[in-house]
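Accompanying notes for the structure given below.
Chain naming follows the written order as A, B, C and D, and within any one chain the residues start at number 1.
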Amino acid sequence: MSDIKKVVLAYSGGLDTSVIVRWLQETYNCEVVTFTADLGQGEEVEPARAKAEALGVKEIYIDDLREEFVRDFVFPMFRANTIYEGEYLLGTSIARPLIAKRLIEIANETGADAISHGATGKGNDQVRFELGAYALKPGVAVIAPWREWDLTSRETLMAYCEEHNIPVDFSGGKKKSPYSMDANLLHISYEGGVLEEPWAEAEEDMWRWTVAPEQAPDEPTYIELTYVNGDITAINGEVLSPATVLENLNKIGGANGIGRLDIVENRFVGMKARGCYETPGGTIMMKAHRAIESITLDREAAHLKDELMPRYAKLIYNGFWWSEERKMLQQMIDYSQRYVNGDVRLKLYKGNVIVVGRRSDDSLFDESIATFEDDAGSYNQKDAEGFIKLNALRMRIASSKGRNLLED
Amino acid sequence: MSDIKKVVLAYSGGLDTSVIVRWLQETYNCEVVTFTADLGQGEEVEPARAKAEALGVKEIYIDDLREEFVRDFVFPMFRANTIYEGEYLLGTSIARPLIAKRLIEIANETGADAISHGATGKGNDQVRFELGAYALKPGVAVIAPWREWDLTSRETLMAYCEEHNIPVDFSGGKKKSPYSMDANLLHISYEGGVLEEPWAEAEEDMWRWTVAPEQAPDEPTYIELTYVNGDITAINGEVLSPATVLENLNKIGGANGIGRLDIVENRFVGMKARGCYETPGGTIMMKAHRAIESITLDREAAHLKDELMPRYAKLIYNGFWWSEERKMLQQMIDYSQRYVNGDVRLKLYKGNVIVVGRRSDDSLFDESIATFEDDAGSYNQKDAEGFIKLNALRMRIASSKGRNLLED
Amino acid sequence: MSDIKKVVLAYSGGLDTSVIVRWLQETYNCEVVTFTADLGQGEEVEPARAKAEALGVKEIYIDDLREEFVRDFVFPMFRANTIYEGEYLLGTSIARPLIAKRLIEIANETGADAISHGATGKGNDQVRFELGAYALKPGVAVIAPWREWDLTSRETLMAYCEEHNIPVDFSGGKKKSPYSMDANLLHISYEGGVLEEPWAEAEEDMWRWTVAPEQAPDEPTYIELTYVNGDITAINGEVLSPATVLENLNKIGGANGIGRLDIVENRFVGMKARGCYETPGGTIMMKAHRAIESITLDREAAHLKDELMPRYAKLIYNGFWWSEERKMLQQMIDYSQRYVNGDVRLKLYKGNVIVVGRRSDDSLFDESIATFEDDAGSYNQKDAEGFIKLNALRMRIASSKGRNLLED
Amino acid sequence: MSDIKKVVLAYSGGLDTSVIVRWLQETYNCEVVTFTADLGQGEEVEPARAKAEALGVKEIYIDDLREEFVRDFVFPMFRANTIYEGEYLLGTSIARPLIAKRLIEIANETGADAISHGATGKGNDQVRFELGAYALKPGVAVIAPWREWDLTSRETLMAYCEEHNIPVDFSGGKKKSPYSMDANLLHISYEGGVLEEPWAEAEEDMWRWTVAPEQAPDEPTYIELTYVNGDITAINGEVLSPATVLENLNKIGGANGIGRLDIVENRFVGMKARGCYETPGGTIMMKAHRAIESITLDREAAHLKDELMPRYAKLIYNGFWWSEERKMLQQMIDYSQRYVNGDVRLKLYKGNVIVVGRRSDDSLFDESIATFEDDAGSYNQKDAEGFIKLNALRMRIASSKGRNLLED
């Protein structure tokens, strides 16, 4: 412990990580470098500078990572139609590897020998931060104060603040939320409080990014998304950067009551936890991406992706973004997207994302073959007979040899 | 061909299959047995008797298969959270193996040597019917008139009717729908017509089972579903049979604008096709089943199911219900459901199915461990350090041996 | 720590676990119950009784688990053709869950609150023992001396023995092997020593169960194995119990130089390790089981098993025998074996296991269809045309729409 | 039919395909272009020229494809450790897409509108040829004489030859083999004859490329293979081209009795068939590739490859080499090989391929961590405790909530 000289801390500017700054300085007698990222969480990051300075921090990093976040993390993930456990769009998970990467880059720049974060010992985020850190700098030390210290109740924490002259009104007078929250351009999440009872309905005033479907406009909103290689490049014909795409979709989706989710999920550390999420833009993207793939992707390519998706999602959820196996899957996924180009038209209405049209110069939809009308010979219906007969052959043989295929 | 003596036809009572009755009698000079099933398609099946009689059919089977359909086909499929290509709930696919089974049972009872159906040579249904038939009676002959005859346009069909005295007003004066449709308790489907252009929005008056979300009530509906071994046994505390469960959910869902779907899907025969579906009850069941599993299913059991689900869905879509591999997967799925018991509370509102609560005597959710509050020692946060370190070890070794894990 | 009253130790009777007995008594001031299992490791287990008594142990369990081991663990695993990382037949892995089960059963019988084992902190066995223990008795304490104590060198261990009057000549005068070994009816394993250099060839005198292929008889041995539901029930027509089957195959295989393996494998704890294994009977069983399945198993059933096998193998390797996901897979595997009946004839010769015949009343091999000669119409070659055309359709469409399927 | 003007035939120069030349000329009244490939089948291809000329063929293609075959087809396949149904190394399957590619290239060069081949309607090869042809030239016509003509017995074939002046002694006086055979650099295969009885042992004089293990040298042969990016580039330090690598390994392997296989396999068209194969070089390559991967590949990368391998093998077996899904998997596989560099040392002895050493500059084997000796702190054994505890957590919770994890 005692030989740590400098530690880079993922610093939000909030009370908890401010306490960590002081606690690291005291406990490890080391220099603390703070790193604050703008990932689109919707709060100013610049105020973190003054707070860090007030805590005696000399090296302060404040980065706008929004474009990198969406371009190199969110978009690649959406190419796979990634959903964890059938529901969760991985809003928190996907931000962690980027933060880990920057922590390590800053450690390398500043000559730090350790990194630190404010995640608890029960959650997934500690795993995601630390797997990333160890992968990118194998000799780094990791300090996870929540696993070490004894400031485990609000009271002891407050006492510590008082003792160390840390202003507790870090939230600017705002009432402390009863929920543990995390936000970035992809989503905002809520855990804890009344959510710890899975039978209890989430309270309406918890949600921050979306209106309730009941409060959304009575008129639907139609939008058109343009895809190039599986990524959205324009909304309603206007070319936009990745982060701007997501910002816009968040606004449009949030206004239409889209993207709320309330689930019980399985954490990597082995427990079940209730979480609520708002992912307005992501929810739209998920639906639209499947729609553009539906006309441009080969059937078996789509099925291969679908079969591997849960595994890919689990890798991201569990924090293995920088692993070889995630990168192998990504190679495959990215390759599959070279024809995923075209437009999707959506109707958004009170929580619903409804696909109403899809078109592409790379479409594999062949009207002349699919039609119920005369297809002018482009498909020979008689081919189906042989197709079926040989697909049936192994079952016919089994049955003719006396196996009863009706029985279980 | 000429040695077929008796054929069992899947007979709807509509114009097309009535033409088939006559065409079979003439072309094969054989006796036709009709089989009409009530699968909850929402139309009377009894009128098919008089129509068949008028066509000279002597052996007429009219069966109410609704309970068998939901109990032995729909429910088992929903235990797997089955979705084809991320969207389709397999409403048509899941009915076909039951029809195939009954066709073969009736062939065995009546001494028929062939079965016949009214599915076209371009679709999936021919495959599903025929794979089932060959699996259950390997020596059966299959007659698929749409792959054989020359009645390929409306005009030639009408001329045939006139020539053979088949009343064309089989629809009782109702205007012929521009869509090809299929219905059963699980869903109603639409193909053809304007849907053949994937960029065209479906017309509002196409939909039959659901109101538009815009027309749904302004007040949400709350319901509570009770699960036993993965199947719903009660709604709002009222114990119901499988078919009745689905009928009720269809009504509730349809009234709340739930379950519309508009997709381009990949058929087994190799083409892409646009389809629209209404699956109100199924859409509710899908969401609710995941919710009850979320608290009762082990994490890795859930993930194993998720990874195998696309494959299971494809088997059903492609018509392999009676195959060994589907039954193997079913063994695994059914086994996993022995603790999937409890209640799910849902809020239904204008197309949205929102889970607001889940509870179970078999819950694996452990508040004392998951809590952000003091857990009284039931979880040792320090365990996470070793957990992470060993999970990271292989990446740390790779990195320390000079591999750059940042690069693609 | 201090509140442990009684601990059940997996006791081999060797020096290391004898030291552990004393160390547990001293360190935890608790009673030690020893459990010694005969798993067919080829050494007498009864002598462990006197050694345990000499160490003051009052409750001594010595069990012959050979039949249970083969019947309930080895055979079920072989039904899946289980191989880890393409090579390893899991000889050590599959014994651990049974030992864990007995440790817990004995803990329950004797009122012990802890279990202990002699596995090191670097290997897989600690994981397998402890996952089993925690799964079957969630509140049990686990003591893993090698992770705790400071007897990490041979010298300190010897000093401890001298100090505590533990006779070091536990091996009865035999020279201590330079390898770390583990043996049971399925295999014997070697690690450590010169094997720690992966470029170094294993020394001939390391191997104990098999002769070198060079030393095996110049005449081949033919044997015939009879399968019922995927398990061997007779050798050369003689009905044998599971353990006796494996004992016999070990003898026959060992005499013919069969079953040596030299690999570098990936441990669950994250490192690569070199291991050498002798699995004479298992190597024969693996080959023979595939052969009987080749004529009795449906194609897609076989492929499904093949695709899931690596996952099943990994679960066993990693110690998750008692997990829900392993049991789900087992349900599926066992179900698939209901027709895996019949005989396999093998030629064994200097390390080679050669299948020379397979037959079954449940065979799906259909000579009349497969023949190159006239098949009397049981297969219509023209069916292949439609089969191919529709299998090609999606690629034909892609190609006709301008995609170049030659390019990567 | 009648509008086919020119057809490219895969022409071996043997009797059957010579009959096809004439039959095509007569039946379709079209010009025939012959294409004969040297794939290393071990027979001269140049004599095919005179034979084709004698049949009036004007455009004759004779290509040496050996290097392309091994470099672009065999090597990529071995990167995946590809085995079909646990046994078959896909020697025939992997040659077909290359032949299909050349058939289409020649069709494009010569303005042909059709291709033809001599494969029967029961086998896999027709599928492989035709899927390739349709994929690469969607409008091409395919003529498969064996599915069309009535020359289905040796007698009718001979009568046809006599009638059309086709010299029947095409085999140069050699006795016609009782087996249907196929050969290329990767293997030679045998089907038919006595092999149609799965209980019958193959006759020793059937095998052509390998000596029986009994006849192999009494002294082992040691070789050293050098890998670069997963492909062998040198044998015993001598740098060799891909085809030369395989030629050499075939010789060495064949001389040591390596690579015989006797199986019943499942064909894509739905039947089981007995096949015998000799794959001496491929058998060595398979074992060696796993060995070099064992020290250079990340664990989860290896496992991902293992889990997808059966699927990749099936794609090749079924003829989908040119499909999108095969190419997606190939992207992933090839990417994984960028560190698969180094040397493997093998001992070959009477049918056995024994790995005796592996080394690499890219090795992930870390002696300092794996050692049983003092590791100087590079691995903290205490980390294992937390690792195990959190891996066990979900089972501990299930068990503590009353589930009995012992029961099935």
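What to note about this one:
FYI, a contact is a pair of C-beta atoms (placed from the backbone, for glycine too) under 8 Å apart; a residue touches a chain by one contact, two chains touch by 3 or more.
Since the structure is predicted, the reported quantities are computational estimates derived from the model, not experimental observations.
Among the remaining chains, those touching chain B as well as chain C are A, D. If each chain is reduced to the centroid of its CA atoms, chain A and chain D end up 42 Å from each other. With centres taken as mean Cα positions, chain D sits 31 Å from chain C. Contact with two or more other chains is made by residues 266, 269-271, 298-300, 303, 323-324, 327, 331, 363-364, 366, 369, 379, 382-385, 387, 389-395, 397-398 of chain C. The touch graph of these protein chains is complete, with an edge between every pair of chains. Residues of chain D that touch chain A in their complex: 266, 269-271, 298, 300-301, 303-304, 320, 323-325, 327-329, 331-332, 335-336, 390-394, 397. Across the complex, chain C is touched by residues 81, 85-87, 101, 120-122, 126-127, 130-131, 134-139, 142, 144, 146-147, 152-153, 180, 191-192, 196-202, 213-214, 218, 220, 260, 262-266, 269-274, 290-291, 294-295, 299, 302-303, 306-307, 310-311, 314, 322-324, 327, 330-331, 345, 347, 349-352, 354-359, 363-367, 369-372, 374, 379, 381-385, 387-389, 391-392, 395-400, 405-406, 408 of chain D. Considering their complex, residues 298-300, 339, 362-364, 366, 369, 379-380, 382-387, 389-391, 393-395, 397-398, 401, 403 of chain C touch chain A.
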